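Two complexes are shown next, each including chain A; its partner changes from chain B in the first to chain C in the second.
Right after this comes the complex of A and B.
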């Protein structure tokens, strides 16, 4: 088991009048190679949860295990941060070096890699996000477009060769081309390189399309933890806690309410099309 | 993770007390008179009088003593330093001896007086910031500086700069926390014992922070201009400052008290 949380409780500013419960008895395990979508309304504890995964926050009660070893004791913080790569919201705001190369190498230098190994890793990381090494390595990160900056920032985390990549809304604020680029690279990294990915997103279509498992958080608790098909069939529950459902699911729900016999939880254009066509054929034959 | 929540100096403690509602201009003027008084006083009796005055003010304003003490905590080292310098390096009648170091009576007395003066100074200043919201404070300062406009002091602009600076402190703290966490996730160590490494890592925090500040300043300027902001000339106020009868009375009483403290404290 790559990541395991056991009854994790967390409160911000505990023991003060401003105390704010953020996680309540959260238990979950994530195995290598999974693509997990983490959804929930604002303030539901998603960001708090992912900050527990690489030891930025320590649980008040309960424990977090990485590859069976407890964070804060059995495994050093630096090693945890190498294994679990965390990409924050708007990661381009963390860029600071003069060149793209130096910025991506920052994490590697902190981990103590020798210079000759760093070059190869930076090159690989840039390739992973689809940027050409020779075109970009000597450019200043501040001359790049928004989408490119974000991909460089993600490469800075990927260069550390994590077993699991955690991304907090990696596509928010990007144009559709930038969004598509990032999504397709995440998909490929998970499928071809076997990278475990945890994706926080507000875009249900994105989650339905990418994730093999969806975790829904609400008020610090895990509400659902299941396959996208099962989770997005819970239309009324999701709407009640302020979440949306994917557009395809929404369309299928409407057709079903209109009396057409279609399955509800389909997320691929072709599947949906075929289901509607065959439902119509059944009806009019 | 270290947080910045422990620093209380310069923070507002919301309340509804008489002191909270008093005119900010009055509070600023009185604080200035208190500071002047503190420097005129030269014996412990006078300081004791002022101490009593602050005690009453703190109780009336319903500010927890723990807040006042927390505001003083960062000053411990400065006070210790002052004390030691005075104890050992003032010429006069020796009263104690630690190896080659001699403590003199004058040094002992001067050191204590200076430390007490310093502590009272900070308590007085924090009393003002605890009971006055930053907006009121800058309004008051702007008003008090208005006569200086004749000699080209940009009173309104200064006040606006202060308001904006105060407004962005919490935003910057949040941003700092966020960038710090992002860099820690990339293996940065902001608490390293190796000073060189710590300084290097600090760059990874400061550069993004500065870029963010400049970007924000640009956006704010644009937002202000698109709402037709053009400086203080002819600008009306949302909150008009008024001195109430009670304020005048409290002001007079305080001035009288300070004068009597000076009378006693100079003997």
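Right after this comes the complex of A and C.
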């Protein structure tokens, strides 16, 4: 098991009058190679949860195990941070070096890697996000488009060769082209490189399309943890906690209420079209 | 009316200039709901900053109710009439209590105390946040904070409200709340709305959708006609709203559908087929 949380409790500013409970008895396991979508309303504990995965926060109670080893005891937070790469919201705001190469190499240099290994890793990281090494290595990060800047920031995390990539809203604020670029690379990294991915998103369509498992958080607790089809069939529960269902799923719910015999939890254009066509054919035959 | 005439904006770099807006002309009429779309770097946000004089033209003019933004002496009045809302609500809230934050603008305008009270209550009421008047902003959700930021602008009684991706950092409920608030301000209170967004399902509610690309306006039409221009939209990287995409696919299967823009509309059409 790559990641295991056992009965994790966390409270911000505990033992003060301002104490705020953020995680309540959270247990979950994530295996290598999974693509997990993590959704929940603002303040539901998603960011607190992922900061536990790489030792940025320590549980008040319970434990977090990475590859079976307890963070802080059997494995140091420093090593955990190389294994679990965290990409924050708007990561491009953390670019600071003169060139793309130097920016991606920054973490590796701090860890004392030799020059030739750094070059190899930077090359590979850029390739993983679909940017050409020779075209981009000497450019200033600040001359890149929004989508490119964000991919460089992700490459900086990939260069550490993590087993798991955690991304907090990686497409927010990007246009449709930038969004598509990021999404297609995440899909490929998961499918072809076997990289485990945990994606936090407020975009239900994006999560339905990408994830093979969806975890729903609400008020510090895990509300659902199941396949996208099962989770997004829970329309009323999701709406009640301030979430939503994918747009095509909404359409299918409306069609069903309107008397068309369609399945509910479909997300992709073609499968939705086919389901509607066959429901209409049945109705007219 | 906001009248934009031959507006060019160049950002000066060390050794050259980058043209962000290239000879733009556009009228924004009172009571309209206009949505601006376009890829990152197309000039939308630069244009928005011209509408209340945060930027001033390199060439051309922007006039708000006849007042040019290039004249320093007009800026105070221009900014009372044109309110701006940005992406991140956390950067727009200055006070430690919701109602004090909303009062900040009118206080600076030197409005008498009694009227400030009235304006703050009215503004909070119109974004459905009156019951949170005494709350500390950090206890609110993203959507609630963004609505407080909108109330802060409304308390200045602007005629025009410019919103630059106001929902992009919000969760689904926050998005719904903010979008509903904006639509109501426009339809019930007659506030002119200019909304910049990447989300095409927000564009379908506009009177006009304006697409920008490389600093120019490439399309300006009501949503139904706008989303008919599929070839041009594809070239400039703009997706169709999901309902329009699906209704186009169904048409290919020779179903006689009129094009739908929203999911509700498409559901209605499909259920009434016979």
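Everything below uses one rule, namely that the second predicted complex is superposed on the first by the 285 of 285 C-alpha atoms of A that agree within 3 Å, B and C clash if a C-alpha of one lies under 4 Å from a C-alpha of the other, contacts with A are read in each partner's own complex, and residues count from 1 in each chain.
By our rule, a contact is a pair of C-beta atoms (placed from the backbone, for glycine too) under 8 Å apart; a residue touches a chain by one contact, two chains touch by 3 or more.
All of these numbers come straight from a predicted model, not from anything done at the bench.
In the overlay built on the shared chain, the residue A:157 is in contact with chain B alone; chain C does not reach it. Of the two partners, chain B and chain C, it is C that touches more residues of chain A. With both structures placed on the common chain, the touch criterion links A:57 to chain B but leaves chain C unconnected. In the superposition on chain A, contact of A:258 is made with chain C only, not with chain B.
Of the two partner chains placed by the overlay, only chain B lies in contact with A:13; chain C stays clear of it. By the document's definition of touching, of the two partners only chain B reaches A:81; chain C does not.
With both structures placed on the common chain, the touch criterion links A:93 to chain B but leaves chain C unconnected. By the touch criterion defined above, A:212 reaches neither chain B nor chain C.
With both structures placed on the common chain, the touch criterion links A:184 to neither chain B nor chain C. When the two complexes are laid over each other on chain A, chain A has no residue in contact with both chain B and chain C.
Contact residues on chain C toward chain A in their complex (touch as defined above): 38-41, 87, 141-143, 165, 168-176, 198, 201, 237-239, 242-243, 245-246, 249-250, 253, 255, 263-264, 266-268, 270-271, 273.
Residue ranges of chain A in contact with chain C, taken from their complex: 40-43, 89, 145-147, 169, 172-179, 202, 204-205, 242-244, 247-248, 250-251, 254-255, 258-260, 269-270, 272-273, 276-277, 280.
By the touch rule above, chain A contacts chain B in their complex via residues 13, 51, 54, 56-57, 78, 81-82, 85-86, 88, 91, 93-96, 106-107, 110-111, 142, 156-157, 160. Of all residues in chain B, only 1, 5, 178-179, 181-189, 201, 203-204, 207-208, 211-212 touch chain A in the complex they form.
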